[in-house]
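What follows is chain A paired twice: with chain B in the first complex and chain C in the second.
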Partner chain A sequence: MEPVLAVTIGILFAAAIYMMLRRSIVKLVIGLMLLSNAANLLIFVTAGLTRDAPPLVPQGMSVPAGAVADPLPQALVLTAIVISFGVLSFAVVLVHRAWEVVRTDDLDHLKETDT
Partner chain B sequence: MQQAVLAGFVMAGLAPLLHRWLGVRTAPMMALLPASLVLWLLWQWPLIAAGETLLLAWPWVPALEVSLTFFLDGLAWLFALLICAIGALVLVYSGDYLRDDPDQPRFLVLLVAFMMAMLGLVLADNLVTLFIFWELTSLTSYLLIGFHHEDPAARRAALQSLMVTAGGGLALLAGLVMLAQAGGSWSLTELAGRGEAVQAHALHGPLLVCVLLGAFTKSAQFPFHFWLPNAMVAPTPVSAYLHSATMVKAGIYLLARLHPVLGSSDAWVVTLSLVGALTMALGACLAIRQTHLKIMLAYSTVMALGAMTLLLGIGSRAALAAFVVFLVAHALYKGAMFLVAGILDQATGTRDLTGMGGLRHRMPWTALVAGLAALSLAGLPPLLGYIGKEALFSAVLEADHLRGAILALAFLAALLTLAVAALMVLRPFFGAVRETPRPPREGSPAMLAGPALLAGLSLWLGLAPHGLEGLVTATVQGLGVREAAVHLTLWHGLTLPLGLSLASLLLGALVVRHWEGLRTWSARLEPFMTLGPEGGYWAVMRGWLRLAEAQTRWLQNGHLRSYLVMTLLVLLGLVGHALFVRNGALAAPGPSARMHEAVVAALMVAGAMTACLMRSRLAAVAALGAMGFSIALTFVLFSAPDLAITQLLVETMTVVLLALVLFRLPRFAILSTPLQRLRDLVVASLVGGLISLLMLSVLGGEQLPRISEYMIANGQPLGHGHNLVNVILVDFRALDTLGEVIVLGLAATGVFAMLGLRPEGPASRRDARAEEDDHG
Partner chain C sequence: MNPAVTLPLLIPLLAGTLSLMAWRLPRLQRGLAVAGTGGLLLAGGWLLHRVWQEGIQVVQVGAWPAPFGISLVADLLGTLMVVITGLIGLAVALFSLATSGREHQAFGYFPLMHLLLAGVVGAFLTGDLFNLYVWFEVMLVASFALLILGGEKAQMEGAIKYVTLNLLSSVIFLVAVGLLYGKLGTLNMADVARRVAMLPGDGMVEALAMMFMVAFGIKAAAFPLFFWLPASYHTPPVAVSALFAGLLTKVGVYALFRMFTLIFPHNPGYTHEVLLWGAGLTMLSGVLGAAAQFEFRRILSFHIVSQIGYMLLGLALFTPLAVLGGLFYIVHHIIVKTNLFLISGIVHRLRGSYRLERLGGLYRQRPGLSVLFLVPALSLAGMPPLSGFFAKFIVIRAGLEAGAYGVTAIALLVGLLTLFSMVKIWAEVFWKACPQDVDTPAPAPVGRGELWLMMAPVVGLALCTLLLGLHAGPLYGLAEASAEELLDPERYIRAVLGSEGRGAP
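Showing the complex of A and B:
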């Protein structure tokens, strides 16, 4: 399964980068979303995939029964998902605000400090 | 001695304070330090004369083999004496010269700091210490040359001297490091005995080039001679000091100091002889074209520096003895000449030779001093300059390499120097009286004392040269020649050098007679002067600026896209290269994909593609949502329920947020050309492919022991939780989570502030609430 997901993630990255290279600032934001999703998935998959063994300790035991999925990358990705949402919402509001002030969504028109 | 140098730096720092208390008496008071050093040096003389070396050890950074050890042999003693003695005279002189200058304290700070740096340079035993003092002289002389910083010409000249000498300094640093590698020691005293080992070493060639570059730039050797005349914008006492005893002599000192180590190779002999002879002739030729007193003197310094380099290159016992005599003679007459030039400048308000005349009636003492110094410069008996010149000729006649060429160049230089010296006395002091911008008056005693003493010494040592023999012998011993008993005399009998001197006297007189014609003729060569090394310097500086401008315009063009593309291409190159070099195994197929898993992956791809291609904003957001939910499904399938829940929540809120905000933004427009899109597609596909390869390579690589083993084993016993991911988040990596909360708080504050600027926006409350909800 890992090779399949590796290729999938490569495609997600390609799509994200393509969108980030657009001139439209809204597309840049969509690219940012794709990128954060792709990166989260990358961390998750690179740590190795395990089926049907969530990292839980059954009631009344002190260690999981048998091998479980690695909990550490999951914790890291969880943090990353939440943070990327924070960044994204900030970016979206910033873009919205910039549009209100400058009335352009073309990044090429935003490259000077004076508008 | 180290204490004296360090105290000197401290005193330099205190100069402004002293000036507040002592006023114009500060400079003479400060001259007491170099004067007392002169006494100390004279007290050490018996030791030096006996050929002993005084070693003053002072460890500094022993772990790096850097020490502040000073050592005093004949060579260091001679240079230190010149630095301190002329330094004291220049300090007394400048107290008067800059009497009315409000910046005098600054001047004193710089001059004394420069003096101490120079002293440290000639006394240092450690190569690193030597280099530090070397750079300090470059820096302080930069500030001294640019002393009148309101003047753009001064700033330009100062920067030029810094560029040339500090650029050479970099080469020198590389050269010294290689020298230490080749010789196996950072200590000059130890290196002196390892000449053969160094010359046999593989690094000998490069280190020789680097060291010579450093010395030649500092000592204004061809083709780096141009900064020296430009540095004449400095106040005259600075010029006198820099030219007679210090700065430019630093390169000569370095060559002399390294002579025992590097001096016996053919490359050294030929390079130094040729460059020295060329510089000598060129300096004299350029001097005769000028009418500006200080610039003429500057070029004659270039000529003298060339002569010293030439003598060090020849390297025979006679040549080294001639080097020492020439060095002393030059320091004496050049110091005197510059100080006289300063008196003339102040007395008349002009520095142009053609604007002065008949001053001997008004300034008889100045005329006398100038006459003596010029006789020595011209190399006429009975002054020390004559002995130096005779010694030079006899050394050149014994040279092993290129004898004919260097003799011709040296002869040309000698006759032109004679003419220059004659002009500098005849023009201002003799002939018809000319009107000058200021009515001339005799210089003050404080200002005349220095040049008079120096010129008097030139005469005395010329008449009684055996007084100098001990010093020359001791110094030549410091240069590595042991059996050196040197005899100096005014009269050698009817020899070839005497004939050459006579011939140069006659031809020189001819040049003086036809000076005006010569100058008009050489003025026609003016257009070609820009082709010289100085033109090269400016071309390099211009090119440098243009390069900076071009690369700034290219790399920092304000387009986000090009920054991204640049970063991505670098990433592609570096990571791709690493992958290629490593050439490791790719991932083993592992557990094969099941049908439903493959469908989920296909959904992700489809969602991402659709989001990219859709013209409608709503469709794009929906596609993104589909992709996000597929990712959540992947998390479910591969044992990550917590991630799946978080992803679902976040994805839902993202879609809501986007749906709300995106519709307040303009519709998607196609802003790029097909070619641009193709380019972006290529870059994006390459990076995507690289990421896939990277992942496969990581998955195929060796598995390191997992950090989480500890967390799995201890999650319940220590963290008292049954969900290991939660235990990690709130317990093992709690600080991480705290950081995350802070980031979210900041983002929420930012969002709230931006929306608060326009409070009526309906999206604002929702955004803020979405933020707050997310902390859970």
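Showing the complex of A and C:
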């Protein structure tokens, strides 16, 4: 399962970078979304995938019986998803507001602050 | 729980929450702004006293033992940064009382400022890599909102660049954290440091180190990753610019210092060599960029970039004297740069423009302000007896001792060009006669109380600059002890994990 996910992550990163290099601001935001999803998926698989073994400690014992999935990356990825959701919703609103003010979707027209 | 370590975190969080609850009570928000930042400064001072007396202070949050829970670690470097954060927070809060307009305050200027400070302090105090990411995001989200406060066209343009590149850097940071966890199975910095040292040298450690370097390099605005900074820092309200200029990039620099002394110090021939050339080019490109600018805040923004180079140079040379110099430089730079931005704000309030060709004649009209400008400006350029002289002197001397003559020559040249830039501002804004045929609308006359509120933080920070120059001993001692601590990571690891080394693989 890990190789499939690794390839998926790679494709997501490639697509994200392609979208971010386009001139349109909307495509830039789509690229950012793909980018953060790729990162989240990567964290999710870092500890490896374990089937059918929730990290629960049976009653009366102090350690789980047998090998279990590592719960930490799942906790991390939840945090990361929430953060990226918040930040991306900000980015979407920003792009909308920028369009209202600047009236362009082309990054090449946003050069006023560069010179 | 050790209250000394948690207080600097809780105070801005609490002040931010209370300001949010006082959404419709601007007077209360203004009071809270001063009380919160002042409290942060006091709490930072108390923490520094404790750390100086008793060594590294550690809090295991929720009483979970070290490699499993989140640790808050206050060593000398982190604590010193917390104190400076409090100082800058207080200065900017006072300044914003006078300058932040009703429309900014109505959209949560003060709550956002507190949350930004909370994020910065959290990043300085955390001992856990993922937690560091979370604090970075707290800081970034608050900074996004502050940056677009007011919603002008230039702000939107600047914000798109700022948001995109900072998100990119966060994702690189997150990916690096994920890969590090996959490799080591821990995120506690002390534990990571111990286990990285035991890894076989198969290139993976260097790859991870470079990912962290790129991620924090973007945040610190190092060459060639700094382009978001001069594109955005001159757009928001000036108090926000000053806060960003003082603190945000320095969080990136702090993270680089932490990572490359604690976790990746094992292969300096590779990582620190890259940093060294990065530092040299950062200095040079920043100062050359500034030379081509004719807008007050844009010149200052480019100088942030060039000064970041000196700090990185201190880290990259990696000798005790160089790290000491880098730390001294960070403290000096934060104070001076914030002060310069605040002065640009006063000039703008008096004359209604940031463009050099529209300004002039301020020396005749306000000699006091002109002298106040010269203190941080000459300090930035490295004139004795101001703080910048010692900062540059230590770094350059360390460079000569380490035999890095090329980069040291760049550092000296950049000092000269910095002086050129500062003299350019002095001549254009203060010295030359006021241009007659400008169409800038004359701003509203400045009230006495307003002027005092704007001047108080500027005078205070200028006094700090003078004090650090004339009486550099205490800060030198602090930076020396801190550099010693950084170059001996064992002390940090022992303080967090305990001497018996819990959580051994």
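One rule holds for everything that comes next: the second predicted complex is superposed on the first by the 103 of 115 C-alpha atoms of A that agree within 3 Å, B and C clash if a C-alpha of one lies under 4 Å from a C-alpha of the other, contacts with A are read in each partner's own complex, and residues count from 1 in each chain.
Throughout what follows, a residue touches a chain if its C-beta (ideal position, glycine included) is under 8 Å from a C-beta of that chain, and two chains touch if they have at least 3 such contacts.
Since we're looking at a predicted model, the values are computed, not measured.
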Requested in this report: Check whether A:Ile43 is in contact with chain B, with chain C, with both or with neither, and answer first, second, both or neither.
Outcome: second
Query raised in the report: If you stack the two complexes on chain A, which partner ends up touching A:Arg97: first (chain B), second (chain C), both, or neither?
Result: both
**Report entry** Which superposed partner A:Thr79 touches (first chain B, second chain C, both, neither)
**Finding:** both
Query raised in the report: If you stack the two complexes on chain A, which partner ends up touching A:Val7: first (chain B), second (chain C), both, or neither?
Result: first
Report task. Considering only touches as defined above, state whether A:Leu32 meets chain B (first), chain C (second), both or neither. Result -> second
Query raised in the report: When the two structures are overlaid on chain A, which partner does A:Val87 contact: first (chain B), second (chain C), both, or neither?
Result: both
Report task. Look at the residues of chain A and decide whether chain B or chain C touches more of them. Result -> B
Report summary line: Check: chain A residues flagged as touching chain B and also chain C 20, 28, 38, 42, 46, 48, 70, 72, 79, 83, 86-87, 90, 94-95, 97, 107, 112
Requested in this report: Using the touch rule from the top, collect the residues of chain A that touch chain C in their complex.
Outcome: 20, 25, 28, 32, 35-36, 38-39, 42-43, 46-48, 70, 72-73, 76, 79-80, 83, 86-87, 90-91, 94-95, 97-98, 101-102, 107, 110, 112-114
Query raised in the report: Which positions of chain A touch chain B when the two form their complex?
Result: 1-24, 26-30, 33-34, 37-38, 40-42, 44-46, 48-59, 61-64, 68-72, 74-75, 77-79, 81-83, 85-90, 92-97, 99-100, 105-108, 111-112
Report summary line: Listed in rising order, chain B residues that touch chain A in their complex are 557-561, 564-565, 568, 587, 589-594, 597-598, 601, 604-605, 608-609, 611-612, 617, 620, 624, 627-628, 631, 634-635, 637-643, 646-647, 650, 653-654, 657-658, 661-662, 664-666, 668-669, 671-672, 680-681, 683-685, 687-693, 695-696, 698-699, 703, 706-708, 711-713, 715-717, 721-725, 727-729, 733, 736-737, 740, 743-744, 747-748, 750-751, 754-755, 757-758, 763, 767, 770-771, 774
Report task. Would you mind writing out the residues of chain C in touch with chain A in their complex? Result -> 130, 133-134, 137, 140-141, 144-145, 148, 151-154, 156-161, 163-164, 167-168, 170-171, 174-175, 177-179, 181-182, 185, 187, 231-232, 234-235
